[in-house]
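Labels run A, B, C, D, E, F, G and H following the written order; every chain starts at residue 1.
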Amino acid sequence: MAVSWQHTEGLTDTLFSYCPGCTHGIIHRLVAESLVELGVLERTVGICPVGCAVFAYNFFNCDMIQAAHGRAPAVATGVKRVLPDRVVFTYQGDGDLAAIGTAETVHAAARGEKITIIFVNNTVYGMTGGQMAPTTLLGQKTTTTPSGRNATVAGFPIKVAEMLAPIDGTAYVSRVAVNSPKNIRLAKKSILRAFKTQLQGLGLSLVEVLSTCPTNWGLSPPEALRWLKENMIPVYPLGEFKTPEGDT
Amino acid sequence: MAVSWQHTEGLTDTLFSYCPGCTHGIIHRLVAESLVELGVLERTVGICPVGCAVFAYNFFNCDMIQAAHGRAPAVATGVKRVLPDRVVFTYQGDGDLAAIGTAETVHAAARGEKITIIFVNNTVYGMTGGQMAPTTLLGQKTTTTPSGRNATVAGFPIKVAEMLAPIDGTAYVSRVAVNSPKNIRLAKKSILRAFKTQLQGLGLSLVEVLSTCPTNWGLSPPEALRWLKENMIPVYPLGEFKTPEGDT
Amino acid sequence: MPQVIFNNDRCKGCELCISVCPKKIIALSKETINVLGFHPAGVTDISVCTGCSFCALICPDLAVIVLREEGDNGQSVNEGE
Amino acid sequence: MPQVIFNNDRCKGCELCISVCPKKIIALSKETINVLGFHPAGVTDISVCTGCSFCALICPDLAVIVLREEGDNGQSVNEGE
Amino acid sequence: MLEEVLIAGFGGQGILSTGMLIAYAGMDEGLHVSWIPSYGPEMRGGTANCGVTVSDSPISSPLVAEPTTLIAMNQPSLDKYESTVKPGGLILYNASFISRGPERKDVRVLGIKANEMAEKIGNVRFAANIILGAFIELTGSVSLSGASEALKKVLPPHRHKLIPANQQALEEGARFAREKTGH
Amino acid sequence: MLEEVLIAGFGGQGILSTGMLIAYAGMDEGLHVSWIPSYGPEMRGGTANCGVTVSDSPISSPLVAEPTTLIAMNQPSLDKYESTVKPGGLILYNASFISRGPERKDVRVLGIKANEMAEKIGNVRFAANIILGAFIELTGSVSLSGASEALKKVLPPHRHKLIPANQQALEEGARFAREKTGH
Amino acid sequence: MARVLMKGNEAFGEAAIRAGCKHFFGYPITPQSELPHYLAKRLPEIGGLYLQAESELASINMVYGAAAAGARVMTSSSGPGISLMQEGISYIACAELPCVVINVMRGGPGLGNIAPSQSDYFQATKGGGHGDYRMPVLAPASVQEIFDLIGLAFDLAEKYRNPVMVASDGMLGQVMEPVELGPRRETPLSPKPWATTGTAGRKSRNIINSLYIEPEELEKVNLRLQEKYRRIEAEEKRWEEYHTDDAVIVMAAFGMVARIAKAVVDRMRADGIPVGLIRPITLYPFPDAPFLKVLDKAETFLVVEMNAGQMVEDVRLVLGNQRPVHFYGRTGGMLTTVADVEARVREIWEGLK
Amino acid sequence: MARVLMKGNEAFGEAAIRAGCKHFFGYPITPQSELPHYLAKRLPEIGGLYLQAESELASINMVYGAAAAGARVMTSSSGPGISLMQEGISYIACAELPCVVINVMRGGPGLGNIAPSQSDYFQATKGGGHGDYRMPVLAPASVQEIFDLIGLAFDLAEKYRNPVMVASDGMLGQVMEPVELGPRRETPLSPKPWATTGTAGRKSRNIINSLYIEPEELEKVNLRLQEKYRRIEAEEKRWEEYHTDDAVIVMAAFGMVARIAKAVVDRMRADGIPVGLIRPITLYPFPDAPFLKVLDKAETFLVVEMNAGQMVEDVRLVLGNQRPVHFYGRTGGMLTTVADVEARVREIWEGLK
């Protein structure tokens, strides 16, 4: 019998620190599997953010660096410029990447850093208790938008993939979701492609992954998958926004 | 006889601190004239950046705040949220706005702050001695790209107007130049329009103004105008990228 | 027949596997509480399992392994929406 | 006839006005040095001045004022490229 | 009088609000009180705990490192905190979730199948209040009526209709403790 | 020996490199030297100045607040710094640009129409070196040959063909000073 | 007056509102997040503004703008976020704008952890930003005191046109304690003729600035600032004394730790050992008077902190080498307990005999 | 050896290259810009990397990454930019990464100006970032000494796995002075088995981290750091003494100011007045020994700084109240001149008689 889905050596045995049903775990697995499939695990350096994935250094089975909130792309730049033949990736939440880390993200993109960014969009600050993120949907209730995000006061959601794709320097930009087996398979393909782009030295690759935060959304994990599909995907459409072959 | 071009009361009598032939002075005049024509000068608060325009508080004849490098949009946000009926503008260089201030710029845009940003793109850090800016052209020599900007090392120019126009929250985004009488007239129209957008409460308005830095470009002022036309405009095309009526 | 192995000690009882199983043959065991304090998931009737692996794909905690006959790829990528 | 008034004390001798004057009637006065230490600009032959105001438009240092007849708008916006 | 209570269990078991009931009751009785939750990413693991201090003199540190009473709502909590209880103190545990009871001999111990009792009242949610009732009965540090009163402040308005059932839970717990210990 | 020179004028008049020539010459003669420019946005106004110290003992502060010699290349510089010169010191100024000479009576003063002299050699660019030649002649703090040598280090390679003309400027300046002051 | 149970972090928020603060700009960080949560709810109710900034950098610069525009304004954060505000605080200090910054301190350095700590003492009191500036730093020791000190913080900020920091530790932020709520302040806020509100109705332009390109001018500004700091040092030192009159051993501790120290004083006195406590309420200006006052009886001092010994430098600066200054501290969020401090005091007492 | 005229800022760059540094990340700021200009040119020539970051925040975090990857790495800035690096420096200190940070100090606070200053002393020595960390701070007084101290800075950084700051003032950055250039260091850099370079060829994963969520663990880290700082304090204090043996008045000054003080010593001694100078070369660890050593002769001390009196606290901490400690300083870029300091010394001398 063949093992079709198996624990990957790209991950340690350590139990994830995520809440039950939080899809951060799925994304971890896809990234780890990709590194293993490409045979680059032992020359990979990963950068974890500040956010629920802050403990990712316990999970990814490669050398890892924990970066200051939002600065992972700068840290990755430091690593990649010193070790150009290593595979370098960051794993960042929406608060980390799209709020406090906006400048580092845009400029790593503009410099065409040969790194891969896994960007986990769950529309909230998970770790700190469900505050509004730059990606919070209009009308969405969070601990800091108790009556729902109101554009007049709190502004509009930021569409990261759309913002970064046109920047010269990015080579691959996509948006995927991990709300269904099908989308998980597509997400895996996209993540693989992002790392391949890095290996080819083409520029920055970024995969925005729509993810759930059942805890702070106040939903059961299966409800959260549904909420993602019904509310997030319409605002954050899936697809490849830029490929090395040309914008799509 | 009618005075067709006259010292505007939007400016003080203080002599500009800019180098001979630096077009910062033209942009100052256009902004000041606009504030006077709209009759809002005495309810305007301007924010100056860190850059050659750091002394703008000596020149604009209205209340002024000097902001930390790159943070003018955050400072403007603080002012506007406290005094929503005032006209608030920032005047920022490319280092200030597009390097260190990237996050503040993008987020003021995403929040749809009802402020006007005058963004002076002169492809270098003027004040500190002509270093590379995010807007430096590929191949352009600066004090920190002595052999010309090389994308592999130093990345690609950032196109600010193009990056900000698609962000929900911006209402008016344009790019103009002050290299000729004709373009100066068009620039004036655009700046007026930006302030009108603010007065209508429609969201953030930004005018990117292509400007010269004869000193750091190592050119005479007339040569600098020509260099702007021949080298900058092809990379940074002029036009309105977003208007309240819809993207153009 | 495919085999679906649940690692009880990793399961957080999130029910995502349950929600995607096309055959509705996964359930939490209400009686057991695992080391983590959760009711772990398990298969109720393996005989109808298609080996589609949706359960393993969606499990965020690496608590599911699916074994199936060589050559049987379960459902295709385009399914499982 | 239009009048073109140069404020010598503000002029930095940058020659931008010179470069845009369609009639090429502006020059720096090589003899004078103003308080700022520059050779200030001035009109050499006002009789051919069109009153287009390009000089005033482009002067970055508010050193030029153009006076012209009512109703005469000089050149239009689309000129002066 | 100094009562330092540590309440620990899963998130969702009403740990934090149970602690608040004690604090409110104590406050209304004119005592010095403090309440402090564990905070941060431990939440992620689904555990929750809080420390409540009730005292007749000002409280120096609100953190409960050596509780006089431990209320353990699940096995990991009991395992983790059993050893910290002050000698002579009290351990109350939810026997519905805990099969392996405490081993300490120098403290009073009472296991309560609180879930089962709560379900009888109508909802497992009341389990924590059953144990709280027992705590009040056994320590007398606050009054049952004080805790009952406090429900109004602690429960959000849309749950106020559950107050009677919660009060019943407190009383059931108290009665159980009285019967069980001959208190 | 302690010579503290302040050289001031417009940007583009060769202020900074003239200062460097003194510093290099001093260094090669085994003296302690330092050179420091004014820096920052004053540049924007088109002014430039630098301070050069040449001394036979270690230099405490390279900043020249009270120069022993002021070399003023334009009117604003002379106006600004005239009063700072040490009594008994020296003021050299470019009379081509400066109509209102210094008023101090307690210092030596020499005005040089350096632009005109430089144009004779072929380019106004040599004006600063003409004044430098005069400075060397009048103070002897460094040698003319030292300054001539230093041209190689200070001028960028593509200007090395101008070295002879620059040397001529130094000599003209020295000669002028000699003649003018009977030095 | 109503006696309610309130969380420290919420008390910061409510106290600010009661002090007339209507504008808050901040970025979430544990262990202070209940503060923004509270204000996100409460401020709109009173017609105020809660704005979540994109970062602490943005927060502090929004505060700069709001303060320039004349508002009573506050931000709040913890260790890493406060570090990011250092440039902004230096600007605010130089531009002489009033504002309140709350630091609910957590374990450092680096990302550290979110457990209580007092390890940002130096940063707060000596100036973590560049240049010669200072700001009053207030350290509440109970939820009730938060109300007093937040009010004071705003008053000092406006009186001196200076940023004021309120330094708490994570424990105080998280604890719920009973508080008596006074009435909301009805007094009109002080006029701010310097605010940049537009020139309408005014003769001259207002400019908010920290750039003084001429050294002469910048020195003048610095002299004015230093003169202000001397005034603050003369007028604003605050502290609490607890059984110091006849104390042979005098402890010094601030914030929550002082409560632990108080319990130790009680225990020791119960045993007849004359121990006292000085609790600095202002960390800057540091209260020297209570230390100098006890010198006739006090033989030795013990500073207790949740850090590696930072305030101990200020105590040493006051005492010189007139008396030994001992230190006891825990770091990384480990708590100083009554038992541990007591043991240390007993040890010192034994040594004295 | 070649004697060349070199600018302080360029010397920082050349010295770093000679110390084996091949990676520089920075953001322009006056008065240190010639440093990036120099390295932008020189580093590519030797196969190194000059990268202009989008901000100082990015710079310091690129440094964090490059140091984690095992490189000898440096950044440089001035006041406002250094303030923006405080969070990053705290992270680097906790993650124990070696790197060198240069601060060419300018007038503060706020935007201040670009004139020379020493007003970031507290920030550098007490920790401007959050948490209990320290870093060695070296203060060169001449362009020549820049070469010595940059080499030392990298060595200390790697020996202790700690950030090291080199604090200069704008004057030293701008001045050109003759220097003798030693040979470029050929010694291999120290091995860094802890670096995150990929696991290939290694048994276990390397992790660079500053998060220790359990207080017990974070306290252990802090104890280890404190132990390291005690070691640094024991082993790395450096200073220069100038005529201190028989000095009745002892001055203390660092950096360029110490040269002015030296000139004052010479002038006073020419008049037969026994004045001496202690020049701390390490500002942290602060050299106490030379102060204690002179106590039998020295009756009074004078600290001279280009700030409002920051190092004076460290001198007072060393001396307690054994001797009066006077202060003379200028701020905002105003320069302490030989004449002014001399006047102050004479005044003190008169007072002694």
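In the analysis below, a residue touches a chain if its C-beta (ideal position, glycine included) is under 8 Å from a C-beta of that chain, and two chains touch if they have at least 3 such contacts.
As the structure is a computational prediction, the values presented were derived from the model and not from experiment.
Student: Measuring centre to centre with C-alpha atoms, which chain is farthest from chain B?
Tutor: Checked the centroid distances; the maximum from chain B is E.
Student: Give me the two chains with the most inter-chain contact pairs.
Tutor: After counting contacts between each pair of chains, the winner is G-H.
Student: Centre to centre, by mean C-alpha position, how many angstrom separate chain B and chain E?
Tutor: 62
Student: Return the distance between the CA-based centres of chain A and chain G, expressed in whole Å.
Tutor: Going by mean C-alpha positions, chain A sits 38 Å from chain G.
Student: Hey, how far is the Cα centre of chain D from the one of chain E, in Å?
Tutor: From the centre of chain D to the centre of chain E is 86 Å.
Student: Can you work out the whole-Å distance between the CA centroids of chain C and chain H?
Tutor: One centre to the other, that is 60 Å.
Student: Going through chain C residue by residue, note those that touch at least 2 other chains and give them in order.
Tutor: Residues 12, 36, 38.
Student: Which residues belonging to chain B are in contact with no fewer than two other chains?
Tutor: 18-20, 54-55, 66, 68, 99-100, 102-103, 106-107, 127, 134, 154, in rising order.
Student: I need the residues of chain H touching at least two other chains; which ones are they?
Tutor: Counting only residues that touch two or more other chains, chain H contributes 30, 49, 51, 54-55, 57, 80, 87, 91, 95, 111, 113-115, 209-211, 213, 335.
Student: Please output the residues of chain F touching chain D within their complex, sorted ascending.
Tutor: 10, 45-47, 74-76, 97
Student: Going by the contact rule at the top, pick out the chain A residues touching chain H in the complex.
Tutor: On the chain A side, the touching residues are 41-45, 47, 54-55, 57, 61-68, 71, 74-83, 86-87, 103-104, 106-107.
Student: Give the list of chain G residues in touch with chain B in this complex.
Tutor: 23, 25, 49, 51, 53-55, 57-59, 61-71, 73, 87-88, 91, 95, 196-200, 205-211
Student: Can you check the complex and tell me which residues of chain G touch chain A?
Tutor: Those in contact with chain A are residues 27-30, 33, 36-37, 40-41, 44, 49-52, 54-57, 80, 111.
Student: Which part of chain D faces chain B closely enough to touch in the complex?
Tutor: Going by the criterion above, the answer is residues 3, 10, 12-16, 18-20, 36, 38, 51-54, 56-62, 64-70, 73-75, 77-81.
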